Every structure is written in C-alpha cells, then in structure tokens.
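In what comes next, subunit A is part of two complexes: it sits with subunit B in the first one and with subunit C in the second one.
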Partner chain A sequence: MDFTFSEDECLLRDAAREFFATEMTADRLRRIWEEGGGCDDRLWSALAELGLPGILVPEEQGGLGLDEAGAVRVVEEAGYVALPESPLHAAWLAPFLLPTLGEEGRARWLPRLLSGEARIAVGIPGDLAVEDADRAHLVLLSEGDALFALTAGSFRCEPRTSFDPGRRAFAVTPSIDPVCIGAEGARIAAELLDRAAVLAAAYELGLARRILDLAVEHARQRCQFGRPVGSFQAVKHLLADVAVRLQFARPVVYRAAWVVAREAPRRALAVSHARLAAGQAARLAARNGLQVFGAMGYTWECDLQLYLKRVWSLAGRCGDEALHRRRVRQALLVGDTVPGAGDTFAEN
Partner chain B sequence: MDLRYTATEQAFREEARAWLAAHVPRDPLPSPDTAEGFAAHRLWEQRLAEARWSAVTWPAQYGGRGATLVEWLIFEEEYYRAGAPVRINANGLHLLAPTLLEHGTPEQKARFLPPMAKGEEVWAQAWSEPEAGSDLAALRCRAVRDGDHYVLSGQKTWSTRAAFADWCFGLFRTGSLGERHRGLTFLLVSLRSPGVRVRPIRQLDGRAGFAEIFFDEVKVPVSQRVGEEGEGWKVAMATAGFERGLLLRSPARFQERARRLVELWRRRRDQLARDPHLEDAVVQAWLDAEAYCLATYHTACRLDRGGVIGPEASTNKIFWSELDLLLCDAALRILGPAAEFPAGKEVLAKEADSGRWLEEFLFAQAGPIYAGTNEIQRNIIAERLLGLPR
Partner chain C sequence: MKVLVAVKRVVDYNVKVRPKPDGSGVDLANVKMAINPFCEIAVEEAVRLKERGVADEVVVVSVGPTQAQEQLRTALALGADRGILVEAEADLEPLAVAKVLKAVCEREQPGLVILGKQSIDGDNNQTGQLLAALLGWGQGTFASEVVVEGDRVRVTREVDGGLQTVSLRLPAVVTTDLRLNEPRYASLPNIMKAKKKPIEVTRPAELGVDVARRTELLGVEPPPARKGGIKVADVAELVDKLRNEAKVIG
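For the complex of A and B:
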C-alpha cells in the first residue's frame, strides 16, 4: 500500500504550479473575461510546450506517461488558478477517446494534440455546452449512446452565455453520423463521465484551496475593532471548517483518480464520492470565503469572484450533484453487500 | 501511488483475522465501566498480548511486532469486523506509549511498556482540572521537588478509565501559575500511591467511565518524569498530536458503524415514505466514514515513509467526532419511536441493535468535547495550519 506521490510526481506538480502562477494571474483571467472567455491560442501553445496535452499519453507515443493518479495534482493546480478548462479536457479526456477513431484517426490527431497544433474540444455527457468548440479542430462529442468526431463543416456551433465570463461555451449540433453508437457508445459515455467527474473534482480541490488562501490573506490584513478580523473566533472557525472539508476531500479524489486509471471495483462509487466531496468543499469555501471578505467580496473589483464563479458554474457540469448522489445510493443501497471496515482497498 | 496491499500486508491481515476468529469472546464482555467488566477486559488484553496483538506497532522488545501504521490500520479493520472487545488500555497504548517511545529514557521504556502491552498496568490520562479544561495551560495541580521525589497536591478531573486503572500520566505544575505552559512537567503516577484518592464520576450514560483524582502529598520518584522539568507541555503536545491525529479513533470503528447503519436502513426502507431526507443522511454518513479511512491511510503511508504529523491533525478530531454524530443520529431517526427503548429489556424495540445504537449515540455526544473541544481544534487549525493571528 502506497498512498503517496512519487518524487517525480511532486516535481511535476511544482513545475505546473510555478507555470500557472506566472501565466495565469488574476489580471490575465480578467483579460480572458474581456475577450469572451476560454483558452486563446497563445495559452494553448504554452500549455503544449509544458507537456500538458501528453500528460496521460504513454512515453513511447511521445507523452509524459503518467496515469490519472500521478497527474491528478496538476489538475488541482490548474483549478487553483481557474485555468480555462478546454486544454484540460484535451489532456485528460481526448487520449481516452481518440482510440475510438481507429488507428488512422489516432495517428492523425495524437501527434498534433501533443504538439499543440490541433485543438481538441470534448463534449461531456450531460453537459449542455462544449468549451471552446468554435476554436477546435476536432470536437469529440458524447451524447446519449453516441460519440461524434466533428471537424470543420460537420457541426453547427451556437454560443451559450454562462454567468461565468471565463467560460466560452457552445451548443454543438452534429450534421454527420456518430463514429460510435449503441452498447459500445454507452460504455464510452459512462467511462468518459467518470473521467470528467474526477477531472472536475480535482479542479474543485484547487479552487477551494485558492478561495481559502484568499480569504485567509484578507482576514490577516483587514482590521476592525482595532485588530485583524482573522483574530476573531467566529471568522477563524468559518475558515477552519473549509480546511477540514478540504483535507478530507483530497484523499477521496486521489483515490478516484487511481481507480479510473485501472480496472478497480466499485468505480462509480469511488468517482461519485470524489465529486461530491470536492464539490462540497468547494461550495463551502465559496460561501465561507465570501462571508469573510464581507461586502468587498461582493464586488466586481475583488478577484475572489474569478474563483467563486468557476465553483458555481462547474457545480452542475461533469455530472451534477443529483447524478452523483443517485450513483452512490445505487451502489450502497442496492448491491449484495454493504462495504465496511477492510473493504475500502479490497480487491484493488 | 499503489493502492493495493502487498503480499506481506495481506498475510498480516490473514493472520490477524484467523487469530481473532479463534479467540474473540462469543458473548460480549460486561461493560468495562464496572469492576467485573474491567477485570474481564484486562484478561482479554492479556490474551492479545500473549499473541503479540496488543500493540502491533511497537518494537518487538516491548511486546509489539514492529508493524507499520498501515498494518496497524489493517489490524484495526479486522478487530472491528470481528466485533472484538473495547480496548481498555487505549490511553496507554495509543497516547502514552508514542510519547514514551519518543521522549522516555531506556529505563522508562523497559519499565513501563511491557506491562502496558500485557494489560497488567492500565493507564488513565490526567490532563483536565476543574479550573483548566480548554485552557489547559492554566492547570495548577502542583508538583514540588523534594530530593529525588516530587510531591503532588491538587486535583485532576474527567480522567477516562481512572475509576479502575492502575496508573495515570499527565501534566503537573512545577513552576509558577503565571508561567503558563512553561512551568509544567510530565509525570507518571501510580494510582496506588499513598495519598491518591479516586472518585468515580457518573456519566450521562449512568456509568463511571471517568473519575476525579485527588492528590494529597503524593510522592512520585523523579525517575517517573518524562522529559525535563518544565518541558512537560512540549512532551504532552506530542501525545496530543497522536491523540488528535491518528491513533485515538481508527477508521474501522466508524466504517463498521456505517455498515451497520446502511444495513439497518435496508431493513427499514419503510421509513423512507415518512422521511425522504433519511436516505441522504445515511449515505452522507457512510461517505464520510469512507473519507476518514482514505485520509487516514494517506497520512499513515506518509508517516510510514518518514513524514511527520503537523497541525493538520486537528482536522481529524473534528471530522471523526462529527461523523460519529451523523452516524448515530441517522440510526436513531430510522429507529423512530422505538429508538428510546433498548432491545433486550423492552419488547417494544423492533431492532435487536437498538440498545447498542442508543449507547453509541450517547457516547458520540462526548466526541466533540473530549480530547480538546472542537472549538479549540478549530482555533488550532486557524492559527497553526492557516496562519491566522491569535
């Protein structure tokens, strides 16, 4: 049993953190907002140079060769800066979907994905819109039991305005037949949803930590009654509660990342648990963080909103709470046996 | 990351499981909060020790197996699955022993650890005083140096297991009250010493689970001091770190409870029509028990590889104590009007388990209070983990 990260994985996480900190500042995010959200080509290329699109691609195919468990904290760091999500979809989901296009399709797209030449957007089951679909060379859209591989001219793209200005969302209507349908399409959709849910959960961990850090910083600086508001217990405890939820969501997400990377039992339960736990932590961070900021937090000027809005806009995507709760109920209340002590890692 | 058990870990589990299957008493032992029950539990501790199961993480020379923390978690899982008796010496094994292993002299380890492992000497903790609860640094029970002895006078309270235990460990004031945490010394005191009087306190559940201890000119050899004089706070905080952090409440305890809760819910789905929120409560409690397990393994693996436990330990105590409330609360809600009648005594109870849930519910109420209230833990998290001003 080794529930820790390797030295290499830690180094990669640190490199990502450093890159995101310089590249994706609050000012940069605000410029993205003004330009209509999403990921521009410059950022896309910079991320490709960093190796992000190949993070889950085997080394012999030109990637970094990590699995989801090894890469999960890079996503966490992306959440910390509210990185536009489409490059994460390309890195985390496209390598899983490309094999469905056959050897030829994979050979055509994978090298260009890795080099940053090709932008691949992914439509996640249940989501109403595809991020950055208008800028994509290939849209992989999962809808019901159908998977579509769409290139220019084979789909219609209609903008959808999210309240989160960092989002660049489009409803996509295919005008060609799916590449995959029926039982196989449904299997792909189910697995895609699991992977997307873990991606969202890891991203939410980062968002929660960012909001917590901002609120702590504010509480240390802001003085009332002649002392920093962070010295008051009522304020301390709001933030301590966030720290507790975050502390206990993190390992749940890491375990889910390990589970989606391989054939492990009780996958739906592990994945949905991760999404619920991370979502709870992020929403509590948003609520309590905003409370600590007071009226300043409710302004357009305050950077807090950059992260709050992503928490709220992400909440209903990649499987909403109702879906994940239903899956957990299904796993716990209907199966033959109820898992208890000793079952958490059994049969891994 | 590799979330599979190694062959060694698997073999460890098999061995523990087989031994427990052969040795766990078929009928539950009487409550350890009675003289008869305490004696029965002491015998059980001896049986565990004979097979070297009582303190698996300790070095072999003191009666342990040199097991990793992950193996300890495995043992605990098997222990709770087997429905084995309450560990009456948990204060000693999980709180004092890590402190002795870190700060004790070789003589102290050799003198105190083996009889602790065998249950020959059962330990109570002696932290709180009537005027020093959450404000532990205000404690005033005095220890005055007199040659090769300290002379103790004063009072401790809320001392778990003290009613029947043999020894206690705790902090005593060797400096002045104004020095706060700098004037404290960590001492090991025999409860059989002349001048010690123990007065059991009847708890909410009607039993004498804790006690007051009065010290009237009690002589304690200097050799029973752990760490230096005046350094007791530092030594004690190491203990408190373990208590809050990892060892006091193993995840298996809550996971077995969560399993029983889900099973209870499956039998009583008829309650869903009466309260649609119940199912969510059951599911959330199970998920939190699972999360506690995952977080504990995460920490254990880090510590097994040389990591250290820090202020994040305070998050544990909050999480498991609130989880326990969720679990027991949900169970009582499912039981509904039958919840107040313990089975076995009352024909009204439909569930054989209802008396057990009641007991657990009552004890769960103490969780957010003992071992440092959750409010104190939140202060620690805010100040030491998040860096907010005092």
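For the complex of A and C:
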C-alpha cells in the first residue's frame, strides 16, 4: 500500500499554503475579527477564485475531483493560518449533501458554489449553532429524518456569542417544512458528522503546528538569565511534548480521511480516534504554547491568541470530546474491532 | 499576435541566501526556488494581453537547468499556453541568455517579447537590453504600463526623473518594472491543467548558440556584518564623530 500523497495533492497543498501565507496573515485575521469575524465576501471571492470550494467536487462537475484523503492537507494548511473556515468546510460537505436535494437542487447550487456566487452554511448534527449562517444563500440543516434546505427568508438567525471573535455563529430556526428524506436521515446525519469531524481534526492539526512554531520561535528569541528560554529543559520539554503529540496525531487523521473517502468499515471509530488525537494535540499545544509565552500570549497584540481561541472554540464543535470518546469506547468494547495495527488498513 | 515571455528560476525571495564555504558561489542546496518575481509580472502582463484579445498565444521560455520546468509549469498555471525549456547550465551570463532568446525569437516570430527587468539573483539588468540589440528591435525597459495600439506598443517607463512614455514599432522588447501589475494566484484547477500543457525541451547547441562564459567569477562573500550603533549625548558630539571618526564631513 502506498501511503505517500500524490504529486497532485502535494502541488495543491503547496499552492494553498502559498496563498494562505500571503493572504491570511495574523494582521489580516485580526482585522477580520475586529470587523465581526467569519469569512467576509472579499475573502470568500478570493477563495473561490483560487478554486478551493471545488476540491472535493468531481471533475465532470467542474471541481478538482480530490477525495478527503487528498484534501486533508489543504485543510491542515487552512488551520495553520486559522482561516475563517466555515464556508469552505460547508462547500466541502456540499458534494455529499446536495445530491439529497435531487438533481435539480444540485444543478441549481453547485455551479454557483464553485464560482463563489453563492455561499452555503451547514448545521452539523449536535452543534448548537450554524457558522456564517447570516451570509449564506443556502443553509442545510440535518435533523433526525429531515433535511432542511433553507434559502433567504425561510429561516431566522439569532446570533450566539463566543469567546472566539473569529466565529460568527447563529442559532437557525426554519420557517418552512423540511425535505423529508425518511430512513436516509439518520445515515446522512451520521455521515455528515463524520465528514465534518475529519475536516475539524485536520484543521486542528494545522492550528497545533502553528502554535508550536510560534512558541518555538519565541523560545529561541526570548532571553532570560543571559540565555534563550528555549535552552531551559522545563521550556524545551513543553514544546517537545507538543511535537510528539502532533506527530502521533497526524497519521491518525490521515487515516480517518482515507476511511471516509473510501467508505471503509469502522468509519466512526477512525473518525472519533482522529478527532480525539488531533483535538488533544491542539489543546496541549494551546496550553503549553501559552505557558511558553506567559500571560502576554493571551493579549490582543500577540499573534498566539488568535490560534489559541480557535483551538478552544473548535473543541465543542463537530462532536465534543465526550461524544468521540463514547464512540471509540463503543467500537472497542461492544463492536468486533480488535485494537492494534492489524485492523488499521483493513479495506473491507 | 504571439507574445514570448522569458522566465528565470531563482532562489525564492523569502530565502536568506548564503555563500558556499569555498566562496565559489551561492549555496543552493535544499533552498526553495521560485520564478523570478519580475518574470512573474511579465507573465501576468502577457496573460492580460491575451485576455484583452490583443495576444493570441503566450509562449514562456526558460534557459536553465532541467528543474526550470517547475517555473515553466508555474507560468503555464498562470495562463501561458506552452513552454520552451532551453536546457543549459544554471549560471549563464546575460549575453548567453540573450543569444539563446534571440534564436528562440527567430524561430517563434513573436510580435512582442516581455522579460523581467532583472533577476533577483544576479541583478544584472542586461538580458532584455541585449536581446533588443541583438534582434535590432525597439526596447521599452522598466515598464509600468504597456498598451498595444495597432502595430505599435506604448510603454510607460519608470525612470529616475519620473515617467517616460515611448512608442515602439512591433515587434519589440519590453522589460517589466515592479508596478506594472500584481500577478494573480494560479488557481488550483489551472495548476492541474498546466500539467497537460506542452513543454518543449531543447539545448543551446540545437539552436546554434555558443553559451561559453566570457567572464570569470572570482569569489562570492557575504556583506560585512553591521556593527552596533552608539548613542551620542548631543549634536556637537555627533558632528565631532562624523568629522573625526567616520570622516564623512569636512
């Protein structure tokens, strides 16, 4: 089995990284936060122009035809710059969700989504709010056996506050009847949660890497007692712990993306494992990064706070830690899963 | 009209370059390489001419090592139609590059040639001028605006005293300055499409060009490190130091 990413996937990752590094600097992010957070129209247009909304859309429908396993590194790069990610994540869920609206729904929304003309927002099952719902032309809500496809005027948005100024979250109340998808509803809701959780996990990997890079840089430059603070073991070990946790989380997330892309068995286990591993790596990075910086790291002027707040606010989205722990426990104790490497690459 | 654009593979502008320990050149081991920023502006201008319907085809050409195909692919992703790589040793003199480009121009017969005003590694600022002289074509260097009007091209040049506008009969050679345009990002679909666009590979010998060096590189060394500054108590002390220590005023 070849575990390496293809040349195309690396090429796209590099292009996205270059774009993000130039366009999504900490200063730009701070400005976006000051102006209300979320993904503004200018940023969305730039993302669409680059072709990012279509990376998971099949080539014959105008996209790039990547699958989750190939796209995961682009998501990681988005996390590295704390890109206001919600409309992109929604776009990446669209190829899965839009077919439930029928051919007409897909034909109506997909081309507009790819061109950047339309934005969609997706309510993830279990999440209390829908990100960027007020700017969306279409809001998709999956609830039980029902799927709501809400266009302007067919729902009410009530803003929710967050300690993360980058979030633009709303409670959405539909004022129309849902599209009834019957028994398919539960399956779609479960798969939607898994797909969103993989994206969130990859995004957390990027956030953790950014926090680690910032903390390492700070530890190299900040001097105490005539030496850089990074030369002291107590500081060095904080950072090494994060590096190890991150390194161990990365293949778990890549594997989960592969499982989702190939519809391999035990998807819930792989996804929840990834979400736990990435989430823990990101939260450890946030905690240790803040220790290395000291209280200054939380101040508005310090770039570190931008990434810390994203980590903390992501923790409760796309399934919290308790939910993912429960799913892993269930798979291991109730299901037929054998823990260990032997099950890792089972294809069916 | 066909537009020919020359692109060069250089060390990425974000990289802090270091000389080799033996001083024989710049250390390129494991260094990120990229398309020369001025060449990127040239590609962007050519693509804009095509989008405006002025140009029919944009051909990018690079003279350099095999790896320069990466920079040609970048140019193709930005919107160029096809590429030509003239494989040669990495460090050619501007005269040799100009001779190679002249041979390519004679074969391709472009209506306009656009180059960066200089590359950020050698900073020679010679190739465009040499190419125009070798071809006997008009040249508009340091362009901040390029407008094609019938069989002429109007080039606004950035010169020391301000802006100078020249009108050249086509075919002509234009070199780009920083403010000519802001290059676009290559979109992800275009990056994928660029992989399918053709790149022709040739060699200077096949074009009948002698690229032997006429100059000898004696050594490369880093600039001297800056010394720390000092604080002076008042203007009188400053003047004294400038006069007696730095000896920069009489």
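Basically, the second predicted complex is superposed on the first by the 336 of 348 C-alpha atoms of A that agree within 3 Å, B and C clash if a C-alpha of one lies under 4 Å from a C-alpha of the other, contacts with A are read in each partner's own complex, and residues count from 1 in each chain.
By our rule, a residue touches a chain if its C-beta (ideal position, glycine included) is under 8 Å from a C-beta of that chain, and two chains touch if they have at least 3 such contacts.
Since we're looking at a predicted model, the values are computed, not measured.
> Using the touch definition from the top, say if A:Leu50 reaches subunit B (first), subunit C (second), both or neither.
The answer is second: A:Leu50 touches subunit C but not subunit B.
> Mind working out whether A:Ala219 is in touch with subunit B, subunit C, both or neither, as first, second, both or neither?
In the superposition, A:Ala219 contacts subunit B only.
> Where does A:Val172 make contact in the superposed view: on subunit B (first), on subunit C (second), on both, or on neither?
neither
> For A:Asp8, select first, second, both or neither according to whether it touches subunit B, subunit C, the two together, or no partner.
A:Asp8: touches subunit C, not subunit B.
> Is A:Ala121 touching anything from subunit B or subunit C once the two structures are fitted on A? First, second, both or neither.
In the superposition, A:Ala121 contacts neither subunit B nor subunit C.
> What is the contact status of A:Leu29 with respect to subunit B (first) and subunit C (second): first, second, both, or neither?
It touches nothing on subunit B or subunit C.
> Determine, for the superposed model, which of the two partners subunit B and subunit C contacts more residues of subunit A.
B
> Does subunit B (first) or subunit C (second) touch A:Val75, or do both, or does neither?
neither
> Which holds for A:Ala16: it touches subunit B only (first), subunit C only (second), both, or neither?
Second partner only.
> Quick check on the output: what are the common subunit A residues between the subunit B footprint and the subunit C footprint?
none
> Under the touch definition given earlier, write down the residues of subunit B that touch subunit A in their complex.
Subunit B reaches subunit A through residues 1-6, 9, 13, 70, 74, 76-78, 80-81, 251-253, 255-256, 258-260, 262-263, 265-266, 279-280, 282-283, 286-288, 290-295, 297-298, 300-302, 305, 312, 315, 318-319, 375, 377-379, 381-383, 385-390.
> Which of the residues in subunit A end up touching subunit B in this complex?
Counting only subunit A, the residues touching subunit B are 1-6, 9, 69-70, 212, 216, 219-220, 227-228, 230-231, 233, 235-237, 239-241, 243-244, 247-252, 254-255, 258, 273, 276-277, 325, 328-329, 332-333, 338-345, 348.
> Sort out for me which residues of subunit A touch subunit C in the complex.
Those residues of subunit A that touch subunit C are 8, 11-12, 15-16, 18-19, 49-52, 54-55, 64.
> Tell me, which parts of subunit C touch subunit A in their complex?
Where subunit C meets subunit A, its residues are 185-192, 195.
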